[in-house]
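We call the chains A, B and C, going by the order they appear; numbering starts again at 1 in every chain.
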Amino acid sequence: MPVTGWGWRQWCLIAPPFLWLFIFFLLPLGVVAAISLTQAADTIPPYTPLFTHGPDGLQAQASFANYRLLARSDVRAYGNSLGFAALATALCLLVGYPIAFAIARAPKAWRNPLLFFVILPFWTSLLIRVYAWITILQPTGLLNRALEDLGLINQPLLLIYNGFSVVLGLVYAYLPFMILPLYGSLSQLDESLLEAAADLGARPARVFREIVLPLSLPGVAAGALLVFIPAIGEFVIPDLLGGPGTLMVGKVLWQEFFDNVDWPEAAAVAMVLVVLLTAPLLLAQRLAERAT
Amino acid sequence: MPLLDIRTVSKNFGAVTAVDGVSLSVGEGELFALLGPSGCGKTTLLRLIAGFERPDAGRILIDGNDVTEAPPYRRPVNMMFQSYALFPHLDVAGNIAFGLKQEGMERRRRAARVAEMLALVQMADYARRRPHELSGGQKQRVALARALAKMPKLLLLDEPLAALDRKLREETRLELIGIQERVGTSFVFVTHDQEEALGMASRIAVMERGRVAQLGSAAEIYERPNSRFVADFVGAVNLFDGVAAGSALKAPAFDTPIPLPELADLPEGTAAALAVRPEKLRLSRARPDGIAIAATVASVNYQGGISIVHAATPSGRMLKAQMASTAAAAFERGAPVWAGWDPADAVALSR
Amino acid sequence: MSRRITLFRAAVLALGFGFLYLPIALLIAYSFNASRLVAVWGGWSLHWYGALIDDDKFRDAAWNSLRIGMMAASLALMLGTGAGFAIARFTRFPGRLVFSFMLMAPLVVPEVILGLSLLLLFVASQAWFGWPASRGLLTVTIAHATFGSCFVAVLVRAQLAGFDHTLEEAALDLGARPFSVLWRVILPGISPALVSGWLLAFTLSLDDLVVASFVSGPSATTLPMAVYSSVRIGVTPEINALATVFLAVVIVIVTLAFSLIARQERRRLARR
């Protein structure tokens, strides 16, 4: 920017969003940390105060009871979350890469419309689209009926309320988030590099393995993080499509909060999740900074 | 009092010195050129005048006022950008009116001024068009009209003819001169094309590595360059390098040192050179009186009205002579010739 | 590339888009199904659309969601544009790392965390300062504006990267002060990002279930909340009709916006 210099103008521009995000994003995380150290109570709000004014001044009444409880009962949920998220990420990559590749190599005039149609489902309600999968995957749903009508099965397959439907739902929901950064990377690939490789005698498979793949790694990394991080804490999909065996962290948090009204416990669940996500988040931050 | 007064201005970018203690002044109604190869600092100097960069040292005065610390929007200077920088979301009239709206001119006067500017650049029918609908030459006219709309005392032009093809360049050059005369604004333009500078400017500052190598009229710069650099950069030239010996130039090209009184003050052995423009180099079959160098015709380049004849000396040095094609017809490849010139036509260079 | 590979690519695209659009196609088809059951096709009918219009709870929820969406998107646009501009142009300032983290994290952090943390903040703030007095439209709007602004910032930042900065110099040269330059040259120049940013924030707000569930209050049910409670009870065909209407509206708006943007991009590129 030409007339730079650090003046009041620059502060005017930065201050509002900075303060807003600080108050409504960072600060709340601090509050969560604080409340995770309190206990559930029958008060409004339903937790014991962290700080009390006693005769000895300000005292803190912190307890790690919530975390101990968490370690005893919710570890499996964290394991499920990590596992399902990882599996969904891998599948999104497997399914999304060919699609992104096909769009990137499509005739120029087709690329933007194709991308538009990849993004369009994202603009319509996820909730409703996941609900649609219920009607497809149910025992009395379309898929089973079709298979029965074709004579391929005698009894309906258990396609819903299990790991299969959860992973399917996750892949379905997050696929656009994988395709877009992959496309970004692949579309920047210089066609002449591939031609040069071919000219030097490399077969298509080798060209892909040694040139296309390495050069598209930034897109792969970005897409993987964009899917993995939110998928771990996903609530709607395991709730609607999952069953008792697919308990994920998002649902545990929800249940603690809404069903058990144990806010401190929910806060503890959230804190552990935040800690788990710190490493991927910092990675994403580094990638984002490098990309610009 | 000059219109633009630049006093020992310097600008560094990190370790690189772009402008090094430059001083020059431009008067009212002048067409002034900053000429030099890329990296010589001419564009940086232009941007310093416009206010997009602050000098690290020195002062800049416009019309007697010190504008060194003033931001671009407070200087009575406007610029025509090399890429035109037309606002894509405004039409032609909107672009031209932008600066007028900024200074709060009321609508009717604004419209009148816009119409006046459009007429000046002969784009009256294009008022409602958008920039993306215009050709390169048309965009340039709009950019010019926009820059002149506020009637600045000083107009800066960044490589105005660079993006145009040859024929358009000719026409545009004449138009620019005509407009400048009509409007009376001083023009300072930056170019790397010495033909452009010689053809348009009343005064030229030739720049090299952040400094002004020579400042003068087109004729002065061309006929009396003050250094090897200027002689070589502006126009074609035959340069004979050698050393000063008394008041003569001793050079491998000459059998005997050539007497040059201008070299009298130079210590013995200092590097010096002699410059002879191709049109001043005379080729003849017979050995001329005075300076004579033996050579063989290497090629004859027909260029329409004139021809360029290259002749090689026995030591392999290539001489370049320019003459009317009718005269060039007398020379064929391989023919032996003598090269000579009128001593008054050669320029002694001490650096 | 040989024919065979192109055929493979076409198949990949067909399968991929089939997968993405199958549920959507089904929703639309079954919204016209006269029969309640998915198993039975009862013929074409607009019955469910009628039921949808008559349904108070969906109508009220939709109205809430629309209001929240518009306010949150507008707020997100204002905050996000400033943020995107700042992060793109100001390369060094104290707190830049924190700022950049705060702009990126809400995009990926799970919604349950966003929702819970904001609710706890509102509750604590109510206990200490008395604000907010009650949770409802305002708190949901604040929450949606928070993550919406991060999305807007991404789009603005990307568009600024390709912005011709000589236009700014030209404006300054013609007498515009820096704020004028922003308002009269830069913002019009990045309008595709502004339009798509607003739309994106609006859509995200309209679609959000989790965060709204945490920070909302009684009598401020949003459309996703109404749909969710409906779906938990059992599959009701009204939802198909709702989905189709929703889809139609979104497609119209998004198509309009994208064609507008594409037209402006063509102009911008032709300029060079």
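Everything that follows uses one rule, which is that a contact is a pair of C-beta atoms (placed from the backbone, for glycine too) under 8 Å apart; a residue touches a chain by one contact, two chains touch by 3 or more.
Please read all numbers here as calculations on a predicted model, not as lab measurements.
Trainee: Using CA atom means as chain centres, which chain is nearest the centre of all the protein shown?
Mentor: C
Trainee: Mind naming the chain pair that shares the most C-beta pairs in contact?
Mentor: By number of C-beta pairs in contact, the leading chain pair is A-C.
Trainee: How many angstrom between the C-alpha centroids of chain C and chain A?
Mentor: Result: the chain centres lie 16 Å from each other.
Trainee: Just curious, how far off is chain C from chain B if you go by their C-alpha centres, in Å?
Mentor: Taking the average C-alpha coordinate of chain B and of chain C, the gap between them is 56 Å.
Trainee: Just give me the whole-number Å value for how far the CA centre of chain A lies from that of chain B.
Mentor: 61
Trainee: On chain C, where are the residues touching two or more other chains?
Mentor: 169, 172 - these are the residues of chain C that touch more than one other chain.
Trainee: Tell me, which residues of chain B touch at least two other chains?
Mentor: Those would be 52, 71-72.
Trainee: Of all the residues in chain A, which ones touch at least 2 other chains?
Mentor: Touching at least two other chains: 2-3.
Trainee: Given the complex with chain B, which residues does chain C contribute to the contact?
Mentor: Going through chain C, the ones touching chain B are 164, 166-167, 169-177, 180, 184-185, 188-189, 191, 266-268, 270-271.
Trainee: Spell out the residues on chain B that touch chain C in their complex, using ranges where they run on.
Mentor: 50-52, 71-73, 77-79, 81, 83, 85-89, 98-99, 102-103, 130-132, 146-147, 150
Trainee: If you look only at chain C, which of its residues touch chain A in the complex?
Mentor: Interface residues on the chain C side: 1, 5, 9-10, 12-13, 16-17, 19-24, 26-27, 30, 38-39, 78-80, 82-83, 85-86, 88-90, 93, 95, 98-106, 108-114, 116-118, 120-121, 123-124, 127, 142-143, 145-146, 149-150, 153, 157, 161, 165, 168-169, 172, 178-179, 199, 203, 206-207, 209-210, 213-214, 224, 227-228, 231, 235, 239, 242-243, 246-247, 250-251, 254, 258, 262.
Trainee: Give the list of chain A residues in touch with chain C in this complex.
Mentor: Residue list for chain A touching chain C: 1-3, 6, 9-10, 13-14, 16-18, 20-22, 24-29, 31-32, 35, 45, 95, 98-99, 101-103, 105-106, 112, 114, 116-118, 120-121, 123-129, 131-136, 138, 140-142, 145, 172, 175-176, 204, 225-226, 229-230, 232-236, 240, 249-250, 253-254, 257-258, 263, 266-267, 270, 273-274, 277, 281, 284-285, 288-289, 292.
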